[in-house]
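Per-chain numbering from 1; labels A, B, C and D assigned in written order.
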Amino acid sequence: MPPWFGHRYVTLALLAVTIGLLPLFFPSTYYFRVASLVWVSAFAAIGLNILMGQAGQVSLGHAGFFGVGAYAVAIGPTHLGIPVWAAVLAGAVISAGLAHLVGRPILRLKGHYLAIATLGLGVLVALVITTESRWTGGPDGMSVARLTLFGWRASGSSTWYWISGGLLVLGAWIALNLSETPTGRAFRALHDSEVAARVVGIDVSRFKLQAFVIASVYASIAGSMLALMNGFINPDQAGFLHSVELVTMVVLGGLGSVVGSIVGAAVLVTLPQLLTVFQEYEHLLLGLIIILSMIFMRDGIVPTISKPLARRSRA
Amino acid sequence: MPAEFGGVGRCIEPARIGLFGSVAWPPLAAKRSVEQRMSDFFQFLVSGLTVGSVYALVALGFTLIYNASDVVNFAQGEFVMLGGMVTVFASAAGVPLPLAALIAICIAVVVGLLLYWLAIEPARGASAVTVIIITIGASILLRGIAQIVFDKQFHKLPAFTGDAPVDLFGAAIQPQSFWVLGGTAVIVTLLYAFLELTLLGKAVLATAANRLAAHLVGINTRTVMALAFGGSAAIGAVAGVLITPITLTSYDVGTLLALKGFAAAMLGGMGNPLGAVAGGILIGLLESFGAGYISSTYKDAFAFIVILVVLVALPQGLFGRRAVERV
Amino acid sequence: MTILEVTGIGISFGGIKAVDDVSFSVSPGQILSIIGPNGAGKTTLFNVVSGVYEAQQGSVVLSGEDVTGYAPDRLAALGLSRTFQNLQIFQRMTSVENVMVGRHLRENCNLFADLFRLRSVTRQNRATREAALVLLDDVGLRDSADEIAGSLSYGACKRLEIARALAAEPRILLLDEPAAGCNAVETEEIDGLIREVAGKGIAVVLVEHDMKLVMKISDRILVLDRGKTLVEGTPSEVRNNPAVLEAYLGKRGAREAARA
Amino acid sequence: MKLLPAIKVHVAAGAVGLLFCQPVVAQQTVKVGSVLSVTGPASFLGEPEDKTLRMYVDKINAAGGVAGKKIELIVYDDGGDANKARTFATRLIEDDKVVAMVGGSTTGTTMAMIPVFEEAQVPFISLGGAIEIVDPVRKYVFKTPHTDKMACEKIFENLKQRKLTKIGMISGTDGFGASMRAQCTKAAPAYGIEIVAEETYGPRDSDMTAQLTKLKGAAGIQAVVNPGFGQGPAIVTRNYAQLGMTAMPLYQSHGVASKSFIELAGASAEGVRLPAAALLVGDKLPDGDPQKKVVVEYKTTYESTAKQPVSTFGGHAYDGLYVLVDAMKRANGTDSKKIRDEIEKTKGFIGTGGIVTMSTTDHLGLDLSAFRMLEIKGGDWALVQPGS
């Protein structure tokens, strides 16, 4: 049995156990709410990490896809009367379609040029959402129908904790699956050397596109989850600042590390909750923490911590 | 452009806002005389140039730092904020405007240098995206400090030479606009002269071209980078001082400016100062003509659509260097 | 019969002709070496043939099909594989993964199967890994199979690239200075490896500075100078061509050649 | 198995220590929560609201609190982010266990928080502007600021009196602007107003000359209405003067009802009209005016404590707090449901925003009379005499 086989399921098991046991330590359902937010953000971050960490392509407009998913579950049931679960799928399909359509031309761009192109894409999506108020409720957002499956109505923080938690495990499982497969290796190869990748026969643009589409679907589903969880959605979730937040989660946690994305999300979601007691010093501290952790853990939190452990285990 | 609108039928129906209904069609300009359309045109033109100049200056800041250190500094907008806010509070404290502006620029430069020494230099060798996150953290930090040191209100500065609008081909122009345009021109010229005519400037260019080589021929690349951060901080601050009388300022004006400035720099071609200026002006014009002739609702869209189209056609931006990959 | 036919290739950068009207051809099992002083355009020629650069003149014909201007991945699919002079290994991946990537075209790569890591994928992974390990063994890197490639020595990386190139089971193999940075022993191994490869009927095009190696294993040699073809012929022809001897091998090189 | 609860308690304590830096709750206090946009794009709303709540809660406590209990005020800053607001709302309900909430600076954050309070059945007095907050009426949701619908009607009423029927509208694309724009478009026909041309600007736009030039050129416009808040309207007003359009009356909204608007717009603001609460003209009110005492008292308290010019935004927080406190007094207890019922029974409450009389069908309790039409004269507010 190849060595990586174990790792994958160890990670997943640990994740599942964490999600399963965490509620024992929650004094109130407010913690369910915060944790669910972490799971949802982590889900989006894991997807983005496939694009950024594995395939090495940056996206500064990923909240756009998040917004597509969110508004799909908002608009679908409200205006078009389609069931919520179908709206989630629709959102994912639309996001994938959009990513595929736009990805083809812009993924030829490199580095910062790709960054600004994706950023532009995100801004455009957010702009449409904000402006087409007849459908989206405009800048103040719109309320979202509750998720109902076979007559059972999903509501309450704890319910969503389990839904988002389960989803996260699924998302992590797929991401972990990917990295050790022909597709995953192709991603990582073109990340390290595009020319070498092409010379061994990898259709670079095709694989970049695949990574982009996968990441967009992750973001879209995460968006749908958040919208359903909140029962309300507004354009901020599709905005530039949210895109930056997602990228920060990925980089802070560690490029290419699934666990890293979860840790990154956990940090960025819970920090404001912790720092809020510092009143007007909140933002100052947030900025300071981001700077310091990136200086002293430049590869991201998880890789920086796990590296020495790995070395010890090899020795 | 307005000529095409000529002769189109009369327009009394209310304009609707929306993706398809967003244009008042037939356009409101329809029944207007040639003179009026000319004056409108100049109005849009100057407004676009004015706003564009600010984007250009921010983009210039991006470029300067990027060339010297490969860092994309998302805290660039905060320099503009500092320029404006410090001037406002200094002059409120009774300091004469020119002196206040000078103080603001100096403070911005100090902040720029501190940013380099305390946040960028320690992370030398980290991946580009890591450093970008650091600069994002820096911009959050600076905003956080600003809202404590200053306040969260909006503030204005008196126009340098009065508010009485100047008539230019029938367009009413704020005198301050000329200050902005002139100031931008001066800064661009000075920067150009500095880079081309001074030894230090050549050192910056050399570092931009090849940091290792520059280091080997004995250029102190650290000094050059510090210089770049100080310099673009100064440029940003000047932009803030020039524009505040027109646009007002507050502790959080930086974010959007950084966004637009970054877009401008990329549109022009990252690493090319003149490209940055061109990109900034272009985006400014796109916004104002877009708002003027097509739809104010989607004016921000035009800028980004154009950026996407340009980059798809020219992956290195308008004036970026085409690099052959050496393998 | 020839498998690779290159005719009248020309490309210039900023007015300078890097490669000017160069032609050559190789047949299966043949070893063609391209030599010449630095800046003669050897690597550029490789980049054109392997589709990294687009030729401005001339044509490349691969087993009868005109492939001029094809993208590298298409050429790879047609059986052309190469290594790089200045390393292009996948730094963050392990040695064995590098070689596994080399098998890309030999694996069937289905996104959905991969996303859910179906049995078939795991099985294929195992097979690919085995194959990769064999190749690593051939280039003497079996022991460092699970080390991060970025941590390998220069010579090791060179050999890793060869293994990766062979993993694609090419019909033509372009080797850009495979022996650079290798000690005598390693060079010997590479020598043997190249013969072995050619023995399997793979056409080998070799850019190399180690004249000893070149003279020993080449069937034919192409001498480039300032982008132009100077001489083409068998080792003995080239060896006995005074112009080549003096101008491009230099006295030392000449002696080496004579001894070989 | 016996181990688990032990860990649980232990770690839970740790978690509490970590997440809760809040003071130890003294006996005999009643918790009132608030989520405000103290920072971010709407901070000019959230900041005065925050200051107001804190200063008056201190006052109330100094005077012995309400129903024999001191008020413990818990304020969270959502930075204008609806999703954050939603989380803090949950925190107030689940963790802090507040009996009522006064807050929600913007319509966006308010709408995001409503489900939480409706589900928890805790009264929520919003400071958001849009009418959709209280229409349809939600059992536990109230609000104190005048609706944007009322603002439109007040403006149109004044236009009608001036026999102006064709207007141009330039609105911000932020929540406030977009919502009021929609309301005005709806209300216009009833007043025989025709919106001839429409323009918009982004919340952060720094130059609106292009849009105004279009309005200037539009056929037959007699007046311009600018639904918007923040710095946008100030720039619109400046550009309006710059383009020499001042011959056409310019109407701003209650979204700029603070002295800082006049400061920012400077001389350009001369002659600009807007509907606003009496608060801005407290000293100019006739002595007979029932609101005079309240607004003058609030104005002086705020300006002396906060060291910045009074705004109607802080006033809304004042009204919300006292509507709640009165209800608590009448309920004579801290049972959320009772308090909610009493809030709904609020009658003739004199606040800075007007005289509030709520009912089961009206969770705002203000009518058009609460709005005064103001005009900016000589850099200060002036009451517009009815009919002019």
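Here is the rule we use: a contact is a pair of C-beta atoms (placed from the backbone, for glycine too) under 8 Å apart; a residue touches a chain by one contact, two chains touch by 3 or more.
Being a predicted model, the structure only gives us computed values, none of them experimental.
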Requested in this report: With chain centres defined as mean CA positions, report which chain is farthest from chain B.
Outcome: C
Report task. Return the chain label for which the distance between chain Cα mean and whole-protein Cα mean is smallest. Result -> A
Report task. Measure off the straight-line distance from the CA centroid of chain A to the CA centroid of chain D, and report it in whole Å. Result -> 35
Query - Inter-chain centre distance, chain C versus chain D - centres from mean C-alpha coordinates, in Å - result: 73
Requested in this report: Go ahead and note the Å separation of the Cα centroids belonging to chain A and chain B.
Outcome: 31
Query raised in the report: Which chain C residues touch at least two other chains?
Result: 52, 84, 88
Report task. Give me the residues of chain B that touch two or more other chains. Result -> 17, 147, 297, 300, 325, 327
Report summary line: So chain A residues touching two or more other chains come to 131, 195, 280, 282-283
Requested in this report: Name, in rising order, each residue of chain A that touches chain C in their complex.
Outcome: 2-3, 5, 174, 177-178, 180-186, 188-189, 191-193, 195-204, 210, 214, 256
Report summary line: Seen from chain D, its contact residues with chain A in the complex are 4, 7-8, 11-12, 15-16, 18-19, 21-22, 38-39, 76-77, 79, 81-84, 86-88, 90-91, 93-95, 106-108, 111-112, 114-115, 119, 130, 132, 173-175, 178-179, 182
Report summary line: Touching chain A in the complex, chain C uses residues 50-52, 71-73, 76-77, 81-82, 84, 88-93, 97, 100-102, 104-105, 107-109, 111, 113-117, 121-122, 124-126, 128-129, 146, 164-165, 167-168
Query raised in the report: Tell me, which parts of chain D touch chain B in their complex?
Result: 38-41, 43-44, 47, 173, 181, 194-202, 204, 206-207, 209-211, 213-215, 217-220, 230-231, 234-235, 238, 241-244, 260, 263-264, 266-268, 308
Requested in this report: Spell out the residues on chain B that touch chain A in their complex, using ranges where they run on.
Outcome: 17-19, 22, 72, 119, 122-123, 125-131, 133-134, 136-145, 147-148, 255, 259, 262-263, 266-267, 270, 297-298, 300-301, 304-305, 307-308, 311-312, 315-317, 325, 327
